[in-house]
Amino acid sequence: MGDREATRPPRYVEAVARALGDELAADDDVVVLGVDVGAAGGAYGATRGLHERFGPARVIDTPIAEAGVLGAAVGAAMAGLRPVVEIMYMDFLTVCLDPIVNQAAKLPYMTAGGVRMPIVFRTQTGGGRSSGAQHSQSLEAVLAHVPGLKVFLPGDARDAYDLLRAAVRDDGPVVVVENRRLYNRRAEDFDSRAPLPPGRARIVRAGTAATVVAWGRMVDEVVRACADDGPLAGVDLELVDLRTLVPLDLETVVQSVLKTGRALVVHEAVTAFGPGAEIAARIDERLRYDVEGPIRRLGALASPVPYAPQLEAAVLPDADGIAAAVRALLEG
Amino acid sequence: MSAELLADVTTMARIRAFEERVARAFRDGRIPGFVHVSIGQEAVAAGICGALERRDMITTTHRGHGHCLAKGADAGAMMAELFGRATGTCGGKGGSMHIADPSVGVLGANGIVGAGIPIAVGAALAAKLRRSGAIAVAFAGEGTVHSGAFHEALTLAVLWEAPVVFVIENNRFAEFTDSEAMWRGAPLLERALGYGLAAAERVDGNDAVAVRGAAAEAVAATRAGGGPRLLEAMTYRHHGHYEGDPAAYRDEAETAAWLERDPLEVARRALRERGEEGALDAARAAAEEEMDAAVAAALAAPPPPLESALEHVGG
Amino acid sequence: MGDREATRPPRYVEAVARALGDELAADDDVVVLGVDVGAAGGAYGATRGLHERFGPARVIDTPIAEAGVLGAAVGAAMAGLRPVVEIMYMDFLTVCLDPIVNQAAKLPYMTAGGVRMPIVFRTQTGGGRSSGAQHSQSLEAVLAHVPGLKVFLPGDARDAYDLLRAAVRDDGPVVVVENRRLYNRRAEDFDSRAPLPPGRARIVRAGTAATVVAWGRMVDEVVRACADDGPLAGVDLELVDLRTLVPLDLETVVQSVLKTGRALVVHEAVTAFGPGAEIAARIDERLRYDVEGPIRRLGALASPVPYAPQLEAAVLPDADGIAAAVRALLEG
Amino acid sequence: MSAELLADVTTMARIRAFEERVARAFRDGRIPGFVHVSIGQEAVAAGICGALERRDMITTTHRGHGHCLAKGADAGAMMAELFGRATGTCGGKGGSMHIADPSVGVLGANGIVGAGIPIAVGAALAAKLRRSGAIAVAFAGEGTVHSGAFHEALTLAVLWEAPVVFVIENNRFAEFTDSEAMWRGAPLLERALGYGLAAAERVDGNDAVAVRGAAAEAVAATRAGGGPRLLEAMTYRHHGHYEGDPAAYRDEAETAAWLERDPLEVARRALRERGEEGALDAARAAAEEEMDAAVAAALAAPPPPLESALEHVGG
């Protein structure tokens, strides 16, 4: 701890808090709202220290009334604030979807640009720890399907910081989907890596054998699979971290697949009608006559997320599942 | 008082003339989609918005034309919007249920029952935090109070001491359902006070003088930091829920009684007492002209350019 | 009217009311709930006559409190009723998604079959009539992405009847998505066509040039495009009406595409991250090395649905757009 | 009365012993996920569910173990569920936040705050329409009353005259937030009556005798067709929000005062007055044994078969 700790790059969750702190400091119109984001510093510490630093008028603890809070945030955004509102678990979108989907996403359009909508919906997902069926869903496909919403899914601390700051600066609505299983991770290159804007994918690992497209925690699972002691050690994969689903950097994906000739999209969301279908279909639409190899998807199986660790592991993708899918891809 | 009454009469006459033309244009197939007009409820819009300043903000409902006009939206641009023209308030992309004019504080009608209420609370919170001096008004129908949105919005408004006035237009019906049949327990005012609102008052929504009086008081108190409050305006819509609804679910005698109390006629009596009865007819005549011109301009306006269909997506 | 009317096959909306009436008559546990489903007979007449016939205890007018009503319907289903609850417009799912997604879809699973969930969520969509951005959305992809939900989308009166009855008989949760622009249409073969179960696609039109996969109103648009006076007159299309997205009859689609060599998925939902992506990806996964031709999608453009008729027509797919897409497909 | 007290003491002792083992097993890494225990709130579960019949139904929350046990769920199967075993009440697929046993009327815990309340209303409606004679109880925390779900559920219950009793366990905190800090306006009971509930009563939630008395009355009245009603049980959780939460946000003196009023100790005093103090120690000893066996059985039970992961999807 102490000095050592202070000079280490921040953990993902600290990067979130830092981004919020920097935005709150830079712009009086930024406010943070949500259940327990204030004095408690957030259920996972993502707002730690902000309440003390910026006070209860700007870092606002709310009752458990998410639909109302999000609706109010929409109104506040139209009236000049830049609210960052937290939905504690992505699963809770079901109780507060209207302000996101029917209001924030549509009002700038329905008013032909008459209103700005500088609002950020922060939420987090992260299966694999027996959180149960109502605390484990990855619902980014639902959001990406709604025109007017941007969807950011930072896969490490660096992106957690950069994408959140970009989201707060955006004059339109952005949903930022964090991953609680990354909250304690540090990006060792936090200080050296150049920030990338939203809409730009990142080649995490260059390779020629096949392209894997991922985001969020699955980026990390692929990296683990490719590690020297991982099940894909020695396989020359190219790994693309999409970082944002909307806007979507299809070009980087396409260039990669042109090079490798095959593609696998990996996500924690359910495969069926999931986000990977769009990526796969877009790749095929662009490259049907240019690449030979298969385009495949790996996501969660079609069940609610079960509680028991063995069952959950059977349902969610992980490094081993990725390895198996990649091998099938290389053979296919 | 008289200046205010005259202003409100002018507003009411304008709303009436506007809505009558909307209803006609809809019947004639010139306005697409569906429209909900506010004929019979003009005194609420006029009295409430009359008490507001330009910087103040409102959110309204599917039945929002009157509120928008009263808050200062341009009738020509509104009519063009309903006709789906490029010159509309929303460039033809919003329509009746999404009509808005943020430049005069109209943050939008809404197609989702209840959705506008928390939006107004948030706008009020922003005004408070930014010390703009503005307040917000949330218009909603009486059918809306059972929704979670109403409950959560009132809870937050009180907690945040947000400068917002909730205006419940009680026109007795929610679509085809008699709202009395859905009501149990204490009356709205009592419940509203239970949330900790600073005040809750019922007002004759067909009497512009009464509405304006209550509104002026509520707005002033709220602006002065007195906390959020609620007005329940008792009124009636002369037409069906939407244009085309024959409203067969209503009692004819009741409707007749309400028609007797047409807010324009109530205003006429008030003007008469002040010896200014002529003002109503003058206002109506002027409004007829204004709204005829609005229709003509809308008809003459071009449709939105096709490329606008993909503009302003997400801001 | 009169005799003539009585012997004609029912309109789509009448088929809905008939299915509900038949189920209400057959089983005392069936109840119908929703805003204005009672005395008013529904906003579009889909429950007309039921209130008179079965009384207010079984055909229940509710306040505008959809989340509560749907939650209650979930409880009622667990306690022995078979509720059919109406969400007046599909767009309103945003205010009441939790009972569908986190409760009804998951409870049978979370209890390992401990509860039955015989519940039907009836709703309707149907763009193209200037209903505005909040009354025009086709959100079936959102539902189909949630394991545990079945999703039926009847494309004509016959299916409206059959699929709704099947939904009510199902012991799991089913969302039935009607289309208001079909409500006045009759299926002339209503009495002669054999009922098909859910999970079985229907070949509406056999052909060899290309496969078009559709559902809901788009089936009709394709038929119109193929009519003698339509823009695709003379093109030998095969048209597959999927009828239900969950369960998905991929086999019928695959067999058709094997035959025709190319496929177009058409839907009214937004293309991006839409339901067509899943169908397209599944076809490619199954047939990548078996068919040469392209697999394409046609859905709504990526904007909220605009109000002005010209703009709305520019955004939503229609017979002409389908014709253009089919021509591109045949050339591709 | 004495038989009931003895029954409730037995229930409380069982809940305490169950929860203590859950907390320990979680600390030891034998229970995955997160768990919210109800230590300190046992009298509410015992008193309310003690007044229910087997056919009656309950919905509960993330803090639901006690309610399930009190309603008759098997402790062994529950423990196995928390351990994620095949023999669990939900075959290991639900877990703490989704524990359920429909065979004894437990329609489920819930991970979504507020979601269980309308579910109970609907279960009650079904009981009424099917004339089963059953009633339903919705358990919820005080932090839940601001949610739209609460508002809509109460509205529907009254409208439908559904035989449901709402039990609000007021343990002062919602996660890390003092619920007083989020409260404005009239107290809960007053607001509840505003919805038209037949009755609303506050009860000492740490006194099993008081809870049972109020519950018996409420349940009987509701079953007799007297309409829905609400009980607010004042209580306190001894542990943090979830296991692992040090609960540093609480006032130590307040916590100490509540520990003094541990429901088991309150029950001891009541037993003593009746000359039956020994019953508590006997109950606790029996419970320790029962729950040790539950843990042992859970530990010995197999994990769920992998194929069960794809069973029961959608019914």
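Chains: A, B, C and D, in written order; residue numbering restarts at 1 for each.
Definition applied: contacts are C-beta pairs under 8 Å (C-beta built on N, C-alpha and C of every residue); 3 or more make two chains touch, one makes a residue touch a chain.
Per UniProt, the chains are A, C = Transketolase C-terminal domain-containing protein.
In this text, all values refer to a predicted model and were calculated from it rather than measured experimentally.
**Student:** Out of curiosity, which chains are bumping into both chain B and chain D?
**Tutor:** Touching chain B and chain D alike, sorted by label: A, C.
**Student:** Check B-C against A-B and say which one is joined by more contacting C-beta pairs.
**Tutor:** A-B
**Student:** Averaged over CA atoms, how far is the centre of chain A from the centre of chain C? Could you give it in whole Å?
**Tutor:** Taking the mean C-alpha position of each chain, the two centres sit 31 Å apart.
**Student:** Using CA atom averages as chain centres, what separation in Å is found between chain B and chain C?
**Tutor:** Centre-to-centre distance between chain B and chain C: 36 Å.
**Student:** CA centre of chain C versus CA centre of chain D: separation in Å?
**Tutor:** 40
**Student:** Would you pick out the residues of chain D that each touch at least 2 other chains?
**Tutor:** In chain D, 90, 92-94, 98, 110-112, 115, 146-149, 151-152, 155, 159, 182, 308, 313 touch at least two other chains.
**Student:** Give the residues of chain A that touch two or more other chains, as numbers and ranges in rising order.
**Tutor:** 62-63, 65, 67-68, 91, 94-95, 98, 102, 105-106, 109-110, 132-134, 147-148, 301-304, 306
**Student:** Mind listing the chain C positions that touch chain D in their complex?
**Tutor:** Counting only chain C, the residues touching chain D are 29, 31, 57-58, 60, 62-63, 65, 67-81, 83, 98-99, 102-103, 105-118, 147-150, 170-173.
**Student:** For the complex, which residues does chain B have touching chain D?
**Tutor:** It is residues 146-152, 155, 158-159, 182, 184-186, 190-191, 193-197 of chain B that touch chain D.
**Student:** Okay, in this complex, where on chain C does chain B touch?
**Tutor:** 35-36, 39-40, 43, 61-68, 91-92, 94-95, 129-135, 301-304, 306-311, 314-315
**Student:** In the complex formed with chain A, which residues of chain B make contact?
**Tutor:** Touch list, chain B to chain A: 57, 59, 89-94, 98, 100-103, 107-108, 110-112, 115, 117-127, 129-130, 132, 134, 136, 148-149, 151-153, 155-156, 159-160, 308, 311-315.
**Student:** What does chain D use to touch chain A in their complex?
**Tutor:** Going through chain D, the ones touching chain A are 32-34, 81, 84-85, 90, 92-98, 110-115, 143-144, 146-149, 174-177, 181-182, 249, 303-304, 306, 308-310, 313.
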